[in-house]
Amino acid sequence: MLLLLPQALVDGILIGGVFITIAIGFSLAFGVMHIIDLAVGEWIMLGAFLGFYLTQWTNIEPLLFLPVVFAVFGIIGYFLQPVIFRVISGIKGDPVLMGLVFTFGLALIFKGTGLTIFGFYSHSIPSIFSAGSISLEIGNFYLTIPIMRFVGLTYAIFITIMLQYLLKKSNFGLAVRALAQNREASGLMGINPKKTSSYVYAIYVGISAMTGVLIGSIFSLSAQMGARYTALSFFVVVLAGMGYLAGVPWAAFLLGLIQSFFLIYFNPGYTLIAVFSILYVVLLISPKGLFGRGW
Amino acid sequence: MAETILKVDAVTKTFGGLHAVENVSFNIDIGEIVGLIGPNGAGKTTLFNVISGYYAPSTGNVYFMGEDVSGQPPYKLAIKGIGRTFQVVKPFPGLSVLDNVVIASLSRHPRRRDAEAHAWEVMKFTGLADRAQILAGSLTLAGRKRLEITKAMALEPSLILLDEVVAGLNPTEADQTIELINKIREQGKTILIVEHIMHVIMNLSDRVVVLNFGSKIAEGKPEDVAHDPAVMKAYLGEEEQ
Amino acid sequence: MGTYIKGSNIKLFALIFVALLLLPLIFRNPFFLRIATEALMWIGLAISWDVIGGYTGRVNFGHGAFFGIGAYITAILMMNWGWAFLPTLPVAGFGAGLVAFIIGFPTLRLMGAYFAIAMWSLALAFQQLALLMNITGGPDGMRLPTFLNPEFFFYLMLVMVTGTFVLLWYLMECASFGFKVRSIREDESGAMALGLNPTRIKIQAFVLSAVPAGLIGGIYAYWVSYIDPPSVFGDIITDQAIVMTILGGMGTLIGPAIGAVILFAFKTVFWAYLSDYQVLYLIILGVVIALTVFFLPNGVWGTINSYLDHRKSKKNYSLISL
């Protein structure tokens, strides 16, 4: 039993990496615009399908399409943001809740559209890395590392570093952080809140869609996959503390480890229940997430 | 021999590294009007929040009517008899003025009919009865501040904390509010009032407590405190020499 | 803006109730009765959602969990332990309420958004549980004894939903509870200064919204005689209840009832003509909700209401010195 431990650990870390990317965009959108986008899983799904079809039609390696997917969905997000903003700043109703309900409606539309166009089938995006895996032998332990998952982890680290750099070192990032703190004051300082928000949302949608391509390559894709990933994003972000980006990697790895442990040692069907129970306990003890730095 | 209704005992409140309130102690006797003054950022609202239960003191205790209430939540203190207004007013914007007050009245009169009757009485006392059906969100600032006081009064408190209820009002409205505060005192309530407008607080208060950078720097009758060099320094800065 | 039990209100309500009572006698068509029963069911689901969603301002994306819990409790009690149908209902309602009580504690203390999605995950988790456990029949679901009696179920649902409506109307519009709940929604920290314990009130509202859903779920199980995890725990139940309430108008009880009738009528007609395009229904739901939130945030009934209020208060403005 113990022999499987390193494998479980490795699997957990690899999956955690993927979870990071799912959640990091979501956390960003929330931190800056206080939008909780219930459609995050659907963006992932749509991105996955775009990647899938592009690969099918051109037979080019799907990972090369990542920038394309990012651009396409970035543009969509850029133009969608003002609509969401209109809803959030409406006269009646709690803005966060209205935003929730509106993005919930969007999620329904995307899911319905996805099911209509793509049907109920499951697919996989074939990448050159899909089939390969590295086998290691360390002492008594055997480790199998599927390369595709490793690619996913690399992608996650890359995106995280890029985002950190963007937020901390660039002028744009400064504007974003100012906006997150105080929208009105930022406006007075010469930051254009609407444009900046649009860019942030565009980045978030773009990243989510790209992540979809990766998930489609590592796992599979289907029109119904959205719900699962929305729930996952939420779990990671709540554990990390809503809006607290630095907590996302830790929470993601923790969840990844939980999932892999259940896969290897217990009945995987109970994973969701386990995750939910852990979430429940964490929220009970530390409502602001594991690090107490959330909202 | 006057009885102490509120005892603030060496209360300190820190946020991270910031000492918002540092070792503040004072007492309030029943029926007094005590003013709490100090430059901006002196810690007055934080102290209010500690006394009314929104913050627990980091160290020190708050005693209300002899009972240690440090750290108890606001709703428990409201029932015990501490009412407060908020500097940034907190009406229930989607409800009418009447409904706003009814909610406060419900704490003492659980049945809705009784609560409504009580709410009307309180509104007549504070002069809001003519605006009872208006949505609280559409009141003017003066109206909203008046509503704050009305709601606090509807709790039938023994101690009422007034946070900047005069600031932002024009002279007529301010005078009306001062008249109301005096009426409240005549009802036997004890009042702790924070206010920036000096002449208001100096005229109303029996005693004044002065805070600066979180610490108490003076306490006493208004005229004494006004001439206290530490107080003058806090407000006006060092004397030029 | 509470109302008292006005004489005119009661008369109108009694009229509707009597009309509904006579329905089976006028329309002897069992198919029609089934439609009417389902319409009532949706009214019940929508108004119970409104208690936590509209009045308390906590959008709940997992309302279906309580429906499913009720359904499975009835199914398990009847099939595995041989209970008669009616005694299972109180247990169904109690079970749903109990779950609401337990889950409410950590989730209601926090931001509305946490609560919304945590509930969604709860429904998902229950669906998983039902799929995995033997006692629930797993993915094959559970069959209940068939009892073909459209009149019985119609009357039962009518009584249940009417009773729920009356109780909720009393608590939320006439008694002091509705006031307290609404004040928590408007300004939680302000409400605390007035002696209200927000967590306690929210949990009470949450349980109040869960119990009817559980009861209705129990009736549903016996009525359709077959349940499985996706059909009773699925998102589609919650989704529709939410759309109905928002379409009708949150926080009004009448709004959700109206919204339920509108959407259900549309769905029935839609199914008759477009049952090949069932997936389209999801899109329509999404569009309806998006458009409603965008253009008519108060919902149909809410908009009518504010228009009437506006007309009334215009008369008062000139007399008031602001």
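Chains here go by letter, A, B and C, matching the order in which they are written, and residues are numbered from 1 within each.
FYI, a residue touches a chain if its C-beta (ideal position, glycine included) is under 8 Å from a C-beta of that chain, and two chains touch if they have at least 3 such contacts.
Predicted model only: the values in this text are computed from it and were never measured.
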Ask   = Out of B-C and A-C, which chain pair has the most contact pairs?
value = A-C
Task = Return the chain label for which the distance between chain Cα mean and whole-protein Cα mean is smallest.
result = C
Query = Based on CA centres, what chain would you say lies at the far end from chain A?
reply = B
Query = Rounded to the nearest whole Å, what is the centre-to-centre distance of chain A and chain B, using the mean of the C-alpha atoms as each centre?
reply = 47
Request  = Let me have the rounded angstrom distance from the C-alpha centre of chain B over to the C-alpha centre of chain C, please.
outcome  = 43
Message = Just the number, please: Cα centre separation of chain A and chain C in whole Å.
response = 32
Remark   = Listed in rising order, chain A residues that touch chain C in their complex are 36, 38, 83, 86-87, 90-94, 96-98, 100-102, 104-113, 115-116, 227, 230-231, 234-235, 238, 242, 267, 269-270, 272-273, 276, 279-280, 283-284, 287, 295
Query = Can you list the residues on chain C that touch chain A in the complex?
reply = 57-59, 61, 103, 105-107, 109-114, 116-118, 120-122, 124-125, 128-129, 131-132, 185, 235, 239, 242, 246, 250, 277, 279-290, 293-294, 297-298
Ask   = Which part of chain B faces chain C closely enough to touch in the complex?
value = 52-54, 73-75, 78-79, 83-84, 86, 90-96, 99, 102-104, 106-107, 110-112, 115, 130-131, 133-134, 139-140, 143, 151-152, 154-155
Message = Going by the contact rule set out above, which residues of chain C touch chain B in the complex?
response = 1-2, 174-176, 179-180, 182-183, 186-187, 189-198, 313, 316, 319-322
